[in-house]
């Protein structure tokens, strides 16, 4: 990557005072590290999105389509009639400023346009200037402005500098959700072909190949087989999962990132081990091989187009219900959108755990259960053979994903699971966990390499909360339930809090699982020496027992 | 800065209009009858129009902002208020939001120090000022009903007694009777603190528009003229009530002896009412309709319907299998058809059939 | 015009309108009553201690000043604008002309829901019938 990232000392010099110049008179500067690359034409063409072309946000000429202003105006008008949220949020903000210092990008950059209120004003000002009488006549005085090319550039810069984390919405007295505004703004930008390539690429891949990474079916299976080999090597059991198998009871869907790169693959290995341990009748699908949904970061329509695969595949395979892996935005989509968009899933049954018999009434309509709900139920019913001391070398804290926290409310299940598979768990400060959780800094499709500096800035509040428990409580492992987190938290930790690793919750589960017929667990799933491994007593004198006794 | 100054000027001009209109031109019927009726009609019609206009847009997705544990497994303790699973719980969440400004109460302040060391401290001032302002405004509004009701309901008299329970007056500072009603002072205090906050906090000043300053100055002017009339210049309230009752009974009268101060006060109130539905003050109506607050988080257990849900172009399984059939067979992944369909028309037709 | 959640929203609007228009519909068809002050007969007195407009708006201040002057400073003489002297006394001066609380004081006080604290110390004069 050509973009060089400054040191933490430089990056952390942040001034949160707004400049003298009025915000309408300032323009964003497209300098390396602060913006994302524009969508490549092929990725737009592949899914039929408008205005495919070679372009860069750093160019003066963005090659906007003819009558782009009319397109945006119509786009706004249409969305005002479709989304009460959008219409209401354009009208009722009182600019009290309660949201201002809640945004991780504001905290990490000090840029006033990263205050949620001002981010929304970027669009609201055009709404006033183009749709409201007062704004049309009085212009700036009424907080209105016209739609210009500079406005589009500004939108691109700042609406792809919002991770749709909804933290501002928690604090707003009217619940104004900047994520809603950002989602609409990105839809408008997509009407002009102004997406970022890091979103457009995965969308195109997912549409055609079934997953964001573009893994073809045989590659998907091969990757899984590599991981099965690793499990055999480190755990001593051979697992034989199935792919695209008709008649399985359960379809399992998880983000494709977890079959591709560290440390997500260890979570993937965890799933394989867990399901083998309980003898689950399930299948993977190479067609619905993506839990995540970068369509959600493009438009409501694209979200629906990509999400449709899950139900379609569940129907084709004839499964009873769907189990979903660890992912943040995937679960916002599944929880708050899927049934509405692509349901009703009347061809599925109300989910019931085949192991414990527990019926998941909370998923009665959508028919999809979260892996930590499923695992928590297994543990509660004592169906797992666990040795939590295998994680004794870890002091674990948990990063709540934005989407599962503020768009679902999955807070206790992962903690319950972690507490049953680890002996050392501490929470971060309440101001930075649960509904107050901070984004990893790279959510909503912003996890591109060229954007690293901005991601490190956006992730600073999260990292700083980890830093505190790292210093005070000796935390050395940050657990999460999100594939994007697993991809982006390691560089964030290396930058701000060296010495803290990142893992999925199911990786911790797998570490603690006592598999039938397993060999000595001298290595963990990462192939590293298992620091908590204690050889059977008859083989070696209990020399290391002191460590255990201290706990 | 321009918005700030222009808002002050605008309020002063409004005061001037009333002063010239009544003192200079004696347009008492205009300012005492026509303008008030026009303002009230604008207010009610505007409120209804605005709320109905919002309700013309559907809520396509169930998008509550969840601020606590959801209802999942029965043994997991859930947060019924901040993550409501039923209509009743939503009512409770909304009631707390509207009556106690629960979300504002969560407010915390960023404390950024070099290091970097980031901390968050409790920050309840905005909540406190907002509560002061809104409740005082409500009490003042209700108290004014004594001018529009005859006989005055006992409840109103009781409210007045509570509001004036301190039974002190400001004689010491040259202001005599009647007894001080706390709500008026709290209202002025609240609005001043909100104004001060907007001036002093750099970020809030940076985002402020004329539309933010104007209502603050307008309400300040309304409060000041009201307090002035009650405690300093003391106006003939009997004739004011006669005027008010004339409006309420649709037999408008313009009694003699009503102070011009009253017309200034009334005119400013009329402007506030007429301005209300078309401004940010509509958060009064909007807070009830916010989809991130007024929906139950039950979209996984109860189907939510989007009225404009439309079919979309997807890439269905058969298209996918056609793309990768040989590779799938080679990798031992089950397929629907061992070879590509003989008649190419059939899968294509199938592929186009969405939804 | 297609409304979504119309039932709930219109119910809310109706409640809002009913509350805010209460003064209008509660007195619908009623004429607005005005206070019926019975003023002292011209044989009793031709004018008050000071001008009527002042008394209408500010009598409470005058009475309060009188109370303070008498009780705190022991001063009892009030010099009117026209030079006449009056005894500063609610009972002996005011009530000697305005001899019915019910027909005079209460008329306006009730009209405006005012509860003056005069009668916390002073005896209510007996109504002469």
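Things to note:
First chain written, first letter: the chains are A, B and C, and each begins at residue 1.
The rule we apply is simple: a contact is a pair of C-beta atoms (placed from the backbone, for glycine too) under 8 Å apart; a residue touches a chain by one contact, two chains touch by 3 or more.
Being a predicted model, the structure only gives us computed values, none of them experimental.
Geometrically, the chain at the heart of the complex, using CA-atom means, is B. Across the assembly, the mean Cα position most removed from that of subunit C is the one of A.
The distance from the centre of subunit A to the centre of subunit B, with each centre set as the mean of the Cα atoms, comes to 33 Å.
One finds 37 Å separating the Cα centroids of subunit B and subunit C. Work out the mean CA point of subunit A and of subunit C, and you get 68 Å between them.
Residues of subunit B found to touch two or more other chains are 55-59, 289. Across the assembly, subunit C contributes residues 4 that each touch 2 or more other chains. For subunit A, the set of residues that touch two or more other chains comprises 84.
Residues of subunit A that touch subunit B in their complex: 8, 12-14, 16-18, 23, 48, 80-88, 91-98, 100-101, 107, 112, 115, 117-118, 121, 134, 141-143, 166, 169-177, 180, 207-210, 216-218, 221-222, 243-246, 286-287, 300-301, 304-305, 308-309, 312-313, 316, 334-337, 339-341, 343-344, 358, 360-366, 368, 373, 376-377, 380, 405-413, 416, 429, 431-432, 434-435, 460-461, 464-465. In the complex of the two chains, the subunit B residues touching subunit C come out as 44, 47-48, 51-52, 55-59, 145-152, 156-157, 160-161, 167, 169, 171, 176-179, 234-239, 241-242, 245-246, 248-251, 253, 257, 259, 288-289, 307.
Within the complex formed with subunit A, the subunit B residues making contact are 2-3, 6, 50, 53-63, 65-73, 75-79, 82-83, 97, 101, 103-104, 106-110, 112, 114-118, 120, 126, 130, 201-212, 278, 280, 282-283, 286-287, 289-293, 297, 299-306, 308-309, 312-317, 320-321, 323-324, 327-328, 330-334. Interface residues of subunit C, counted against subunit B in their complex, comprise 1-6, 9, 12-13, 16-17, 20-24, 26-28, 30-35, 53, 56-58, 60-61, 64-65, 68, 108, 110-115, 117.
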